[in-house]
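The next block holds one structure in the form of structure tokens; read it before the comments.
Chains: A, B and C, in written order; residue numbering restarts at 1 for each.
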Amino acid sequence: MINEMRSYFLLVPVLLFLLLSTAAQAVDDPLDVYVVNYPLKYFAERIGGPHVKVTLPVPADVDPVYWTPKIADIGAYQQVDLILLNGAGYAKWVNTVSLPRSKTVDTSRGFKDRYITVKETMTHSHGAEGKHAHEGLAFTTWLDLYLASEQAEAIAEALARRRPQLQDEFRANFQSLEKDLLALDGRIRAIVSANNTVPIIFSHPVYDYFVKAYGLNGRSVHWEPEQEPSSAQIAELRNLLETHPARWMIWEGTPVKPAVDVLHAMDIQSAAFNPCGNVPSDGDFLTVMQQNVVNLEPVFR
Amino acid sequence: MISGSAMVETESLKFQYHESSFHLSIPYFAVQAGEKVAVVGPSGSGKTTLLNLLAGILAPMEGSIKVGKTAVSDLNDAGRREFRIRNIGFVFQDFELLDYLSVLDNILHPYRITDALKLTGEVRQRAILLAEQMGVDSHIKKHPKELSQGEKQRTAICRAMLPQPKLILADEATGNLDPENKTRILDLLFAAVDDHGTTLLAVTHDHELLRRFDRVIDFNHFQSDGPG
Amino acid sequence: MHSFYLAWKYIIYNRIKTAVLVACVTLIAFLPFALQLLLEESERQLTSRAVSTPLVIGAKGSALDLVMNTLYFGDEHPEAIRMEAVNRIWDSELALPIPVYTRFKARGFPIVGTTLDYFEFRRLEPASGRNMAVLGECVVGARVSADLNLKPGGSLVSSPESLFDLAGVYPLKMKVVGVLEKAHTSDDLAVFVDLKTAWVIQGLGHGHQDVTRLTDPSLVLKRSGSNVAATAKLYHYMEISDKNIGSFHFHGNTDGYPITAVIAVPADEKSGTILQGRYLSKNENQQILRPKVVIDGLLQNIFRIKNVLDAVVSVVALATIMAIVLVFALSLRLRQSEIQTIFKIGCSRLTIAKLLAAEIMIIVAASGFLCGFLLMVVNRFTNDLVRRLFIG
């Protein structure tokens, strides 16, 4: 009888321990986070540290802007703890899928009044007085590093809401990231300030926020860094140069030699500025942006 | 068949219905055990009243009634009822079968309306035997409305005979039958009472059948006033 | 036992009379119990759903219509509000807003446009298939699946609002991707779509050929340097597939798009109170309700009506009982000769009373059994009956 009672008394603390361990383990499990582009992945990992598991399901060789998820991918997005969206029309697939709003954070919602509208070549409407569609938005918001820090802050707040006991840690990590981003922002301003009105050509219209943030004088064409430009593209550039006499083209990636040679013949030099939408093959967002800054220095000298 | 000892005996019997001028007075009346006696008389002379008094349905105002060894007139309501169901069988002019019961259930009916009689397997077998004797065994599952007049009366006789009564009281038992059936019914009734040694007291208007009885009692000999 | 045997024989022989008596007794017993069952079930359904829904925001007007439509998808449609109402609650950070748009139907069942948060809020899980993922997909309640024989992989077309509304909502062929587990609520009778799909049904979003590349002049109304206006002849896709989903888009600002109501799930009681306070202004064109309060009011009215009905049923029952007593009395009179016969044979008056009592008991027992059976049937279908009678 006494032995039985002893067994019961031992059982109680064991059960209690197991219960508490399970609860603690649930709290300690990393938050499952899905994102739509690499900058958000970088920010979330810098801020969340070991307390988050961040996934960008876009294949490495696909631009996330143009990626369309399969049903399984959408299902995965629906099941996670947190979905980080860029906002500003990035990831158009978001408009045609169902995501739980309670788990979704539009990281640029805080500055939607500062979105840049892009006048598309052609819009359409229905009827003589109908509303227009496809009046698009520029979406590479993180290229304005000040806005990028606002997006990072939105991520920190979202993580803190889900793990209030870790909010101090998240805050500290965010401040560290913000310091890096603003330091980068400062360096860019220092480089461009001497000569920000110099005309520049961008190989793709994805630098709107960068142009606006640093007051640059840029116009865009549609050249792919891995392709030699066509004669039509060259003609378009020549037309552009008549009113916009640029001496530099800023590329999304390292251009192929034939493209560089074509530009050289037109007295235009090339510099690479990787928007870093997807995971880089080397380094991380910060190192890529730091290299971008180095690549820009000769442009504004 | 006269056994020599009175089955029914009344003395100084007097009866009067409430709020009626009818008055029955019978100084003496007796039927021997095993006798088959017919009672005749004009309508309203008190023949049915006498049967009811002998059965204990009515209680006399004066006088005594003995059936077998029992002084029926000395019993209370319950006593007379119990005595009646054990010892007296009724056969009515209108058969008075229950429409909603089968022939067999009609025959067994007395055993279902009193605790004084116990319905056993042996009773059921006797009922079927009686039905065979009366020639209604092939109809035992039928209801009265499916039977002819003669078949109905034969069923009624079975019902009356089943408790093995000492006395059968038949009130115009052949009154509603055609001549052929009258003779047949009487034959069967007589055969049944002879088989069981039962005493039969039958009220009848049918003078053609009187000669078959052991004795005929004329009610005109008894004093009565008014309809009865 | 003999009394019951004889009573049974009498009852069976007089089938029609017995059937009428049983029917009368059954009815007067059944009515109040059935009514009570229905009212208890309606109270349960209405109350549990209302209690589990903290707050509802919608256009000012009938509070009951708003609650009935939002919680039970009733037929009365309150005036629509704008999607901006959802953003307002979202920005307040006081509650999780779940929009609901219930304007349309598919084969008699309400189409509920909402977000995935609704399923988590109501704890609805797919019993088969999966939840909706892409525009044009739908998830159906258990009863919808059973009644229309729908399974994942099937399809369902939305119903036009009116037969002759040629310029109105287009029927959209929706793909069924999941069937929900039985919830024993109004959710079993609903077709759930993403809110954006509901807007596509309304025609606020659509898919069509690239208008800027049209060559057929009859499809182009007006062409300018920056815009192409298409004519009404331009074909809009009535089914969303992998091939055409990329063409689907919405015109204008979705903040202005219509919804029926917003279910607000406050973070805590204090947040709920603060949120309610924000809708108290006289200039406010929206109302915020606690469904429990509205439903309590409705139930009070229902029970008041029930009291009146009880009184009416009591009077009818009394009349019926009197009629039944009369039937028995007349029946007794008709059976006088039978009673006389058995009395003559030797039956006591007590036994005669027992025989009659046995008949009454058999009739009452039969009525009780039938009443019980009918109540079981009512119980089986209370869910549907309550919906049809009280929710609409």
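In this section, a residue touches a chain if its C-beta (ideal position, glycine included) is under 8 Å from a C-beta of that chain, and two chains touch if they have at least 3 such contacts.
In this text the structure is predicted, and so the values were computed from the model without any measurement.
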Q: Report the chain whose mean Cα position is at the greatest distance from that of chain B.
A: A
Q) When the mean CA coordinate of each chain is compared with the mean CA coordinate of the whole protein, which chain is closest? A) C
Q) What is the distance in Å between the mean C-alpha positions of chain B and chain C? A) 73
Q) Which whole number of Å gives the spacing of the CA centres of chain A and chain B? A) 116
(Q) Measuring centre to centre with CA averages, how many angstrom lie between chain A and chain C? (A) 46
**Q.** Touching two or more other chains - residues of chain B
**A.** none
Q) In the complex formed with chain B, which residues of chain C make contact? A) 2, 5-6, 9-10, 12-14, 337-338, 341-348, 351, 355
Q) Touching chain A in the complex: which residues of chain C? A) 90, 96-97, 115-117, 120, 130-135, 137, 194, 196, 211-212, 221-222, 226-232, 234, 245-246, 248-252
(Q) For the complex, give me every residue of chain A touching chain C. (A) 68, 71, 74-75, 78, 95-102, 119, 121-128, 130-134
Q: Please give the residue numbers of chain B that touch chain C in the complex, ascending.
A: 52, 55, 57, 78, 81-82, 84-86, 88, 90, 92, 96, 98-101, 105, 109-114, 116, 119, 143, 159
